[in-house]
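Below, chain A partners chain B and then partners chain C, in two separate complexes.
Let's turn to the complex of A and B:
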């Protein structure tokens, strides 16, 4: 194929702008593309650019087909699949790169730009923060400008032609976008299920606890949820956010255990009501977090045996809900049908040294309360250390932790304390969730991060029900009062934002978080649920009514925009003298004295003076100056300015003061 | 089936003609005369939007919804912008230059943009023909030439042609039909090859007597555009008669008569073709010539205007 049409397809500077825009589109993807694919994209873009500017040859059909197959095989080898988010994005990028080498006609170029739009969307599967919103506007603007340029069949000029037109088009499209975003009916997803790799990047509490998995989660600065309190937030020591409750123990791992299908446990309110809203980040599990102990919630949830809140499907999008919690409560004072044995179960023969320790204490202690105190005191008296980097335990984890390493994170303390209590005959279970939370003064809300992940213990006491005991608080009170960053030694490298020491970067981070929190709350969390709520509040609960309003609003907005766009704006004359004269004529026409087509300026002025003697001075001066400037060829810029200024301040009234119009 | 089809086509054409209004030399593209539909790439774009929307629903992704709706908004406005690119445009057919049969007639059409915004990438074409692309800068005008093959001599009208645009986004095609009243004069095709001109044949030899001198007054004839002002008969004009040109015997010096009657062995079109050749050759040779056709006569003369007069007579010679 000859290179002639390739070189002529796009002026090379437009081609350059196209490559630059596509680079901007794919740049965020480079973070999660295999490096060889990024290299392919760079090479194909460079090749296509040189084909356009230097007349290089493009590969023929067979080579392209071969490259496509090779690239697809590479993607499958790298990701193990074709489908799914990562593999899909990789395939799209590959297609874009190879399409560039096939870009021979305008039609191909249009397809490349459409692929670019599509790649912009895929980026939102990875991140949806405010930065991305800016990036969306920027890339759509660039791609639209290019779309306009490519569709102009005549040759455009300039480096980035039609940038202004694209910006205008986008600005005009914003109101339409807003109407559609709010009113277009939302269908709850997913439509075809989500491949596994979506969950991989999502951090959150797991359904089970072994020594080591929470400390791993706590390495992350990521936001778990944000909370806005209706009144004062609770003191740090009360900020326990309840998550999965684990009661089954196999000697190493704590699990929820089989649901026992009994009625949810009873909870008695004793006081300390708290009302707040939570915006929960997606964590790909069914847990709904709330302050210990939730009694009312605005979304449908089920309360399981351990009084943990669960949704029927996993939280894959940001959701928002209102909760009422009570800080003083009595949870399940009567176990009822429930067999307390499950809360006492420890595998036979495990943890021999712990068993020995407990039987020693049992002989000393007067009652169970004394024994609990003894066990907690043990954590304080012995050289236990609270650390984010606990040593790996291989054998009998509880024994090894209690008697040898003595260094652990919350799950070590909670897990071993629960085991000790069970061995002492006190029903015990582990509660996981988050502890703490930091008030962001910028937005006046609380941020709870993954680094606040925590585990504690609940003991069942006759008459009092389940009571929270947090052994970590006995080892490291700072953890509860000041958070993770202040509790663990600096050499553990706790995540930056978990350290509460003030610094500029921290202040900026908090401000950025506040902005993103608004963005999350009003834009990203707007899904089927929030739409339903809003529509009901607006009286549009019925979907037919909603669609009618949507259609009407769209028509109105589009109509208004069309009026603006189609408004005829005649070209103004270049010459300021001419412009001033036209303005003068328009002024006179407005008071009922338009210039007749056959009238020259002199005749017109004469007639005006005849009909409106009161305006004679102005009309005389203006017409004379105009005639001088226009026809004598000796006008000065000052005179031009004087004419314009005179016309500007000349405001003839409809009737002369104190006299009737001569026409009547 | 085909009957129904043709009935519909007929109705469609009538509906369109009604919308378009009466043909004229100039026209303004009013709103009701502009038609608009999504283009093929517009359909592809809507497929892209559907895919993005499905993805947004599946992943409950608000930003994907935002982008989807932004692009939808842009495409809706693109319709208005594409419409605007044509609306209010003024078109005027200008007189085309005559051509010889078998050549391409070029119809100049002036596109006048009275507005402050540029109208870019306007395509003017006859149905099933390649388009002429023009931009019209704000407040100014541009000429586009529509090319029509002119196979036969006589008047070649300009068929209904289409002005269309996809600018700015290519998602929509807006178009209108132009029925401009304009026609191009098509001369007969000159017979190819050198044909020796008639030598002293026919009545042209009868003019030998008038060879005496340039200034010998020969008579008056009606003034025709292109005649020299020096030869205008001012005196008769002053007497209130119409504008007349003085003819001198010298004008026909060495002149020849190109005579229809001396070509009796040829058919009508071949005769016209040969006469056309002779006219061109004589003009090239700067040799005065006159033309004699049944029922009309062009007195001998020379120059582009004279040539055009002769060619016109040939072109419009009744078949």
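Let's turn to the complex of A and C:
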């Protein structure tokens, strides 16, 4: 083992390019690696580079072992485990860093590059977006070029030698990549299904609503889903994307309530059909969003009591579905045997000031319709303000909001309005979901962002069923018509993309989103479902059949390749002399005396005679003739025939008569 | 044990056999080295003997001169040796009143350059040029060296103070580099018991005249090399070029040298065609000093690695 200064293995430039490429590979990982590990990587890379350029010493084996154990212990302490995505990637990065410190031979360099490739793959466990894919493609290009450089014996010139060849190799790999992309079995759900990893960093609507939680969500520019309309999209005032429906109220929080196992509510179509497809981003819950009111959908869903669509398992990967909605509908005109009491329930003794206000109105108003109008007018007449930064409410939230702060986000208006209606004896519930959506002119589709999250109210009217009433629209009509960014004051600092003022960065952002939408639709959306569809169309629906076909295809390809290779190097030599000799060698090998590949023919003959004196005459005659024919350059056709004939009748026995075989 | 004497054996090498026997009587236990040295002479190549002092380097050179009846000159290389000390110089003669060329020791049929790595590179290259060109040019006048012309250089293993190791390109001028090594126990016993080797040398009578030697050299050059042998040599060279053990592989010139040595070896074996075994017999001595192992001290691993090459390349 050498611990001294290492001999220059790679020219400085190639070493530098290698370090640079590895840095590019690990850079995205640095976002989730423990900081100390990133520091280790920087130090080891610098160390190895200086070892190459300045002749620094590399650590010896014991120090390396110590560092490895220390680093592994660090990873386990940090993540609590070896297993799982984060800990696994951390270990891999650690190994890469330490391998750099023992990179002495060409083989080590190749191993380092392979580790780099592996790290590229692991990056997809974190992010699969277009930008990352492009970046990783570049790093793979660099790594491949380096791999070629390292395997060449010639001294490379330039900073990035063999880049063209690497590009050609990657282009050649394209067909294989496509075949694997289409045919490789897809596994539903994230491959790396560790529970701790799944829910991380996913935003979306929750199952309940308190004052404050939607305004929090609205801080995010993240895409909730994208919609492609078959025809003209509906006007902004009709863009209500239905999500969870909340009917249970405990004085502070709105919840869905226990599901009652009755038949789903009836819906009457009155007109205004709308066909569209939605690409839904993963949100880790079961909700499927659709425009009010969906009547047909291409994926299996259940309709719950509140007419919200639900899937049986959580949406953990991007899904795409087609929906038909009707804009004009009558939802559940008869409550039937459903108990309306839950839609009127407000905890006893809560919201005394609101109760007093409603009692006042009730004595004035002629009927319930007049009362609804009165309540909505109240929001417009009083100095209510629509804001992303509502003050925190501590006491009786509804009273405080209606009479003191008067500043709120959609959930404040929807929540308090529903309470007011219930106190007035009108069945009411809160519907959460998204409102609005922005048309991206680049791809001609609609983007609905988390900042479009919204809550509104549905009131049940005898004969008309559930009717949508959005108190926010009365306070801030701009929210409905122009979206969040135009409705809240600029000091609220709404997310950038929700402001609809045209600007260059906005245009670029939209174009980028369009590109991402294509990527999502054509690459990432190809999941187990789409694969199954495609396979069925190809007649390969059954996975056993698919595997059989794949295996056959592989066999045919390999067979064809083998044929080509075998044809290029004929197994049977053309030369009859050599053919006879090989036959002779095979005969001898059959009796346990094969010719070693590096053994010359004369030495072989001598060895044979030494081991089997009984065969001496034949072996000597044969080998003498062979040596003459092959090496003297004076053979005659008669001698060639004699050699072939002699070999043909030469039948050595396994054991000489009366003699033990030499190898026992 | 029945020996294979291929029918290609001619009578050409007949005078060589007693000569080899005589040599083996003087230098004990070094059959292969002696044969290699003689093959080198037959191939018109020059010989580099690299070994520790006292293992018989000089004796071997003197022995060759004696046996082949060659005119012998010995030059002890030192750091103050000048090129003129080897090649010769033009000196003013008072009696005749003119300049006369006094030929140096290089004008001999067998020149022993003892401890060649002690001299400065300038002096070394004077000798090496003479070896390559087989002529010397002094003050514009070119003088041919005698035929046959054979240089035996000796060298102590390079790691000694005050030496100038021969550069890699110069090492190529030697057809073979051999190592003698210590004799085995039996041979050493006989050596210590027996008569002084120098006395034996004195008594030795030339076994061959120049004409026979030149004729043998011509015959060696004419030994047949079949395509199969060329393929084998090519496979060996390719292996050294692609193997990760070697920094640089064998050059085409090394391939030519290998075939030249193998021809002489075949002649020595009494054949007029080269067998793969002949290539194997001379491979280590011919290839070793032309290869540079990856890593490690130069000259240390090459013999082992050269044998590794033989073990790894199949005979076609």
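Keep this in mind: the second predicted complex is superposed on the first by the 430 of 664 C-alpha atoms of A that agree within 3 Å, B and C clash if a C-alpha of one lies under 4 Å from a C-alpha of the other, contacts with A are read in each partner's own complex, and residues count from 1 in each chain.
Keep in mind that, in the parts below, a contact is a pair of C-beta atoms (placed from the backbone, for glycine too) under 8 Å apart; a residue touches a chain by one contact, two chains touch by 3 or more.
Given the structure is predicted, the values throughout are model-derived calculations rather than measurements.
**Q** Is A:623 touching the first partner chain B, the second partner chain C, both, or neither of them?
**A** In the superposed model, A:623 contacts chain C only, not chain B.
**Q** Hey, is it chain B or chain C that touches more of chain A?
**A** Comparing touch counts on chain A for chain B and chain C gives B.
**Q** With the two complexes superposed on chain A, say which partner A:603 touches: chain B (first), chain C (second), both, or neither.
**A** Only chain C; A:603 stays clear of chain B.
**Q** Looking at the overlay, what does A:552 touch: chain B (first), chain C (second), both, or neither?
**A** Touch partners of A:552: none, neither chain B nor chain C.
**Q** Counting only touches as set out at the top, which of chain B and chain C does A:561 meet: first, second, both, neither?
**A** first
**Q** In the overlay, answer first, second, both or neither for which of chain B and chain C A:162 touches.
**A** Once the two structures are laid over each other on A, A:162 reaches chain B alone.
**Q** In the superposed arrangement, does A:110 touch chain B (first), chain C (second), both or neither?
**A** A:110: touches chain B, not chain C.
**Q** After superposition on the shared chain, which partner residues are touched by A:527: those of chain B (first), chain C (second), both, or neither?
**A** first
**Q** Touching chain B and also chain C: which chain A residues?
**A** Overlap of chain B and chain C footprints on chain A: residues 107, 153.
**Q** For chain A, which residues count as touching chain C in their complex?
**A** 2, 7, 105-107, 153, 578, 597-603, 605-606, 609-610, 616, 620, 623-624, 627-628, 630-634
**Q** Please output the residues of chain B touching chain A within their complex, sorted ascending.
**A** These residues of chain B touch chain A: 41, 44-45, 48, 51-52, 54-74, 76-78, 80-81, 83-84, 87-88, 113-117, 120-121, 123, 133-135, 138-140, 166-170.
**Q** Which of the residues in chain A end up touching chain B in this complex?
**A** 107, 110-111, 114, 117-118, 120-121, 124-125, 128, 132-133, 136, 140, 144, 147-148, 150-154, 162, 165, 169-170, 172-177, 180-181, 184, 186-192, 194, 198, 316-317, 523-527, 558, 561-562, 565-566, 568-572
**Q** In the complex, go through chain C and note every residue touching chain A.
**A** That would be residues 1-4, 6-8, 224, 226, 228-229, 241-242, 244, 272-277, 280, 295, 310-315 of chain C.
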